[in-house]
Structures are given as structure tokens and as C-alpha cells.
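Both complexes shown next keep subunit A, but they swap its partner, so subunit B is in the first and subunit C is in the second.
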Partner chain A sequence: MKTLNAGESTITYHEAESLLTFTGSMRLANMKEYDVVAEFLHESSESSKDRLTLDLKSLRFLNSSGITTLSLFILTCKKQGYPKITVVKNDTISWQQKSITNFKKLWDEVEIEN
Partner chain B sequence: MEHQHPYDPNVKWKEERQKLLDEIQDLKVLYKTIAEHSSTIENELETKNQEITTLIQQLRKYLSPQLYNLILGEQGKTDLSYKRKFLTIFFSDIIGFTEISDRIDPEILSEVLNRYLNEMAQIAIKFGGTIDKFIGDALMIFFGDPEYVDDQRHAQDCGHMAIAMQKRIRELDIEWKNRGISHGLKVRMGMHSGYCTVGNFGSENRMDYTIIGGNVNIAHRLESLSVPNGIFISSITRNLLSEEFVTRFSQTFHVKGIHYPIDIYELLGYRDTDSQAPDSYLIQNGKGFQLRNIEFDPDADSPEKLQKIENTLHRLLSHIENNR
Partner chain C sequence: MPIDTIGEFDIIPDSIPAEGDVFIRIKPIDFITYWKRCGILADFAASFYAFTQDHPSVQENIISTVVNELIENATKYSVKRNGDVRIHMKLYDTVLKIQTENFTPKLHYQKLQKHLMLLTQTDDLDMLYINTLATKPTDTVDSGIGLLLLIKDYGIKIGAQFEYLEDIGQYKVTIQTYYYIEQ
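On to the complex of A and B.
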């Protein structure tokens, strides 16, 4: 299990389950600061099996640089063809209602679960 | 048909072109994703901002200006000086509250009392009153500070507020009786207008932004003289009220320390529209009274007439009680 603390949020990678859980409020200042997040996602995807799950249920807030980082990560996976992505969302958090559905538009193989 | 060689530069160019087009398509979706995400957050921010603005406006009414400025960080604006201002002052008090509190379960009592005070505070805020303080079951409210409009407007807003409160109290009275409070809810009110000293009073550790002065005491006295469910106002306040208000002379009152007497009037309601408007059955004359012939025919008369008769009888009973 690997953990990355990014400001007021935490990302934990559970290797055995190919699962990334996001908690807290992700509000780093700019794209440069999100480099560590992008790197953490990349490393996790390298060691994951054919499908990687991003569990965002407990991510209360994600700013625009954060959504860009996640979107670019999905586009990278799309380009290399693996791992396939499953996103777990929480409809009680308003930003998740629309933004997460858009991940499927980026890559039609993205699965969205509630 | 022309055969395309796999190493044909044309094929490669087409592949590159397709790749770029795919990438542009991805970027378009990405751009849209980010824009929509930002909009969601911005809209939420705007909603929250509006909520905060509304909350601040509410706080302004509930808190003293000093505390309000302190919370909002406008320390430079905190004015600790005293000032003299012409205000309309309002007092209200529940009749027999001590007796009620001895008889009723504290849980029920605190629930109904809080409900009553909260509803009265809402009405005060609606009419622009500044709630000075809650003193047990009593309320002290004034009009004219921190926002000053004009003396007539303050007196009239206060009058509208008092009438609206008494109307709501009549409804709450039924609820109180249903909750087992046999006394019901009866409230005395007093209103007076005059110059007061506005400022901070208290000890160094605990200051209250409040008003003091002889006129505050007069308003309080008018409240204690008032009949049950009555609104007693001084002639000074009465002179500031518009034609739409109906008042009736009650008594002349001598205040300690003030050489001239003050005429007290009862604020009855609004002209024509209110069922409490001038009583055609009852004429009060000091401690005495005259009751005119009352007749009611359920087939010919309206329910409003019955209400008028009921109000008259209530008024008469309180008059007798107060002059015994």
C-alpha cells in the first residue's frame, strides 16, 4: 500500500486490488504542483493489472488543475491501451455529478460506478 | 487500381494526420470537461457567496453593530463612542410568565418560549427592528439605529411590527392552550419615541451595545401599564403614526422625574380593515365604561360581527380586571 499526501487530500494505492482511493479536498495551486500526483498515478498504473479503479467517493473537492491531471492520466491510458479505468463516483458531491461522466467521453472504455 | 505500399509516404502522412485529428478530438473533450468542471465549482461558489451575504444580513440584525463589525473584521469601523439618537423603543412581556413557569414542565416551557421568541424576532427583523436583548420572556427592540431613515418611518415600522406580533400571538395562544398551558399566551406591549443614548455599556469584560435613558424607561413603563394583548403607546409615538393606525386614549401618566404628564393611547390596529378597529360597543372612560346593546342573529349577521363582539367582551373583561 502506497500513500501520497497532496495538500488536504490523500491518494492511497492498494496494489493487490489495483485500486486508487482519493480522500479529502484536492486543491493544489497549479499544474506544476500536480506533477507529483501525475507521477503517482503513472507509477500505480504501471504495476496495476488490466483494470485500475479510481475510487473518488470520498473526494469532496477537486479543482480545475486536479480534473485536468486526472483527465490527462485517462488520455495516457487510452493512448497506450491499458490499464482500463473504472471510476467510482458519489452523486451527493455536486462536482462529481457531471465531471465524472465526462471521463467516459474522453475514453469510451472508462466504466463509471456509483 | 493503384496499390498502396506500406512505406508509401502518403500512407504515413495519412496516419500522422489521423493521429493528430484524434488528439485534437481528445483535447476538445478535455477542454469541455475542464470548462464544465470549473462552471460547476464557480456556480457552487456563487451560491455559497449568496448564502453568506444573506447570513451576514441576518447577523446584522441579531448582533450588536460592534460584535458584527468585530466578526467581519471591520475593526476600523468599530465605533465605541456614545451618541444621542431619536429612536422608537419597544418592550413586550408575557403576562403571568412566572406562574406559568412554576406549573409547566421545563422541557415544554423552553420549547414554547423559544418558539415564541424566535417568531417574535423574525417579525422584528422583517419590519427592520434592532433586537436589543431578550430578558427572560421579555423583548426589547428599537428602531432608528444603526440604520436611520426618519422618525415617522421608525414609529410606523414599530407599530406594524407590534400589530403583526399580536396577530401571531393570538394564534400561538391556541397552541399554548393545546399544549396544556391553561393560561395561554397573553402579551403586554409598550412603545415610546424619544432621544436615547446609544453605545457600549457594561464592564470591561462584558460590554453590551444598547440604549439607555429616561425614554427607554418610559417605554418599559408603558409596557407594564398595558392591558393584556394590548399595545400602549405614548402620545409622542402616536403623533408620528400615519392615519391608517387606529388608537384610543387610555390614561394620563405621571413619570417620576419628568414634570409633565404623558398621555397614553392604545394602538388598536388598522382603520377599517382590522376587526379590532374602534369598538362600537364599548366606550372606556377612565376606570369606568359603558357597554352598548349587543345583539347577534346567526342568520342575518356575519361571522366578523361575532368576532367584534368577542373582542369587545375580551376587552371589557381586561378593563375590569385592570381597574379592580
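On to the complex of A and C.
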């Protein structure tokens, strides 16, 4: 299990389950500050080449730089063809209910679960 | 220079009495020093308005998201750290008008003006979202989708006004957003 603390949030990678769980509130200042997150996602995807699940259920906030970081990660996976992405969302958190479906518009093989 | 207005600006003018008027003036340096303060202030605004609504936790998350994006933008485009960022919030029944003001140099003004023109004139916001991400330069620090997501996903109405202030050699940027509170 690997963990990244980013501002007020934590990302945990459970390699055996090909699962990334996000908790807290992720509102870093700009794309440069999200480089560590992008790198963590990239490293995780290298050891979960079939399918990777992003569990966002406990992520209370994600600002636009964070949404961009996840979006660019999905576009990278689409370009290289792996891993397939599953996003788990929580519709009681408004930003998730409103914005997570955008990920499927980037890559129609993204699966979104509640 | 004449005042340049874009989008849905002053659809509810200040001359109409609101149910309250919250005004916060802050220096960009306060946010730049501790970025977390953007979120703290956004959460305050959200709590302030959401608890009176039918679905407070839903509204709290939405209002905090909207205010946070506006504060982040106003701060990032304020090059003078001792300049003001001003935030006005007014509630008109079920419409929350959130206005930010900041001061920015010509380069940022031109960039923001072009961006807002695109946002307010496009017919296909989904395509703009996809294209913005697909063509994003790797070296930019801006997300490029903050205001776009507010319009596309939250149904926010947005307008902007730019005014050159000769005495300080900067542009005053006023962004107005109107959030129609979901009932």
C-alpha cells in the first residue's frame, strides 16, 4: 500500500486490488502543484495495466486543477490503451454528481459506478 | 479606455435591493501565502448561505465549489500582491450573485478576455471541455477549465467587465456569476 498526502487530501494505492482511494479535500494551487499527484497516478497505472479503479467517494472537494489532472491522466490512459479506468463516485457530494460524468466524455471506455 | 463588457453582466443590477450584502476585501498575498485560505473562505460563504436552503449539504458543496473557483481565479490573475481582491455576495430569493473584482496587467487581461469571449459564445461546452484538455500545453500552470465547468456543469450565468485604470496602469476585472439555487 502506497500513500500520497496532497494538501488536505490523501491518495492511497492498494496494488493488490488495483485501487486508488481519494479522501479529504484536494484544492492545490495550480497544475504545477498537482505534478506529484499526476506522477503518483502514473506510477500506479504502471502496476495495474488491466484496469484501475479511482474511488473518489470520500473526496469532498476537487478544484478545477485537480479535475484537469485526473482528466489528463484519463487521456493518457486512452492514448496508450491501458489501464481501463473505473471511477467510483458519490452522488451526495455535489461536485461529483455534476462533474464526474465528464470523464466518460473523454474516453468512452471509462466506467462510472455509484 | 471604454469599459469592455462580456456575457451576462448586471442581469441583476446592484440597484435592486438584495436579501443582504456580504462584502469581503482581501489581499492576494493572504491567499498566496496560505492557499488553503481560498477553501476556508469558500467554505465560509457556503455555510453562510446554504443552511437556510432545503438541501443544505448539497448547496454547501456547490456554493463552496463556485466561490473557490472564483477566488482562485481572482488571486492567480492579480499580479500585484498588495492589490485588492474584492468579493461581493448578494442573495436575491433563489439567485446568488457572486462578484469578484481584482486588478491585473494587460497580458492577463487580454488572456482572460479572450477566454471569456470563447466561454460565452460557444454553442458546445462539452466539445470545448474536451478540446481544452486535448490541446493543453504541458507547461501551463492554469487548469483552463475552472469557469468552463461552472457554466457547463452548474448552469452558472457569467459576465465580465474590464476597465483600464490609468492611475495604476492595471485593468480592473469584475466577474459576475449568478447561481440559480436548485430547489
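Throughout what follows, the second predicted complex is superposed on the first by the 113 of 114 C-alpha atoms of A that agree within 3 Å, B and C clash if a C-alpha of one lies under 4 Å from a C-alpha of the other, contacts with A are read in each partner's own complex, and residues count from 1 in each chain.
One rule holds for everything that comes next: contacts are C-beta pairs under 8 Å (C-beta built on N, C-alpha and C of every residue); 3 or more make two chains touch, one makes a residue touch a chain.
Quick caveat, the model's predicted, so the values are computed rather than measured.
Chemist: So, on subunit A, is it clash or fit between subunit B and subunit C?
Modeler: Superposition result for subunit B and subunit C: clash.
Chemist: Considering only the touch criterion stated at the top, classify A:R60 as touching first (subunit B), second (subunit C), both, or neither.
Modeler: second
Chemist: One more residue to check, A:T23. First (subunit B), second (subunit C), both or neither?
Modeler: A:T23 contacts neither subunit B nor subunit C.
Chemist: So, does A:W95 touch the first partner subunit B, the second partner subunit C, both, or neither?
Modeler: After superposition on chain A, A:W95 lies in contact with both partners, subunit B and subunit C.
Chemist: After lining up the shared chain so the two structures overlap, which partner does A:T10 touch, if you call subunit B first and subunit C second: first, second, both or neither?
Modeler: After superposition on chain A, A:T10 lies in contact with neither partner.
Chemist: Decide which partner touches more residues of subunit A, taking subunit B and subunit C as the two options.
Modeler: C
Chemist: With both complexes overlaid on chain A, does A:T68 touch subunit B (first), subunit C (second), both or neither?
Modeler: A:T68 sits against subunit B and subunit C alike.
Chemist: With subunit B in view, single out which of the stretches 5-13, 23-31, 113-121 or 131-139 of subunit C clashes with it after superposition.
Modeler: That would be 131-139, the only stretch with clashing C-alpha atoms.
Chemist: Please identify the positions on subunit A that touch both subunit B and subunit C, taking each partner from its own complex.
Modeler: Residues common to the subunit A contacts of subunit C and of subunit B are 61, 63-64, 67-68, 71-72, 75, 94-95, 98-99, 102, 105-106, listed in rising order.
Chemist: Where on subunit B is subunit A touching in the complex?
Modeler: Result: residues 26, 29-30, 32-34, 36-38, 40-41, 44 of subunit B touch subunit A.
Chemist: Considering the complex alone, what residue numbers of subunit C touch subunit A?
Modeler: So the residues of subunit C touching subunit A come out as 35-36, 38-39, 57-59, 61-62, 64-65, 68-69, 72, 76, 126, 129-130, 133-134, 136, 140-146, 149, 153-154.
Chemist: Quick check: in the complex, which residue numbers of subunit A touch subunit B?
Modeler: Per the touch definition, subunit A meets subunit B at residues 61-64, 67-68, 71-72, 75, 78, 94-95, 97-99, 102-103, 105-106.
Chemist: If you look only at subunit A, which of its residues touch subunit C in the complex?
Modeler: Touching subunit C: residues 7-8, 25, 27-32, 60-61, 63-65, 67-68, 71-72, 75, 92-95, 98-99, 102, 105-106 of subunit A.
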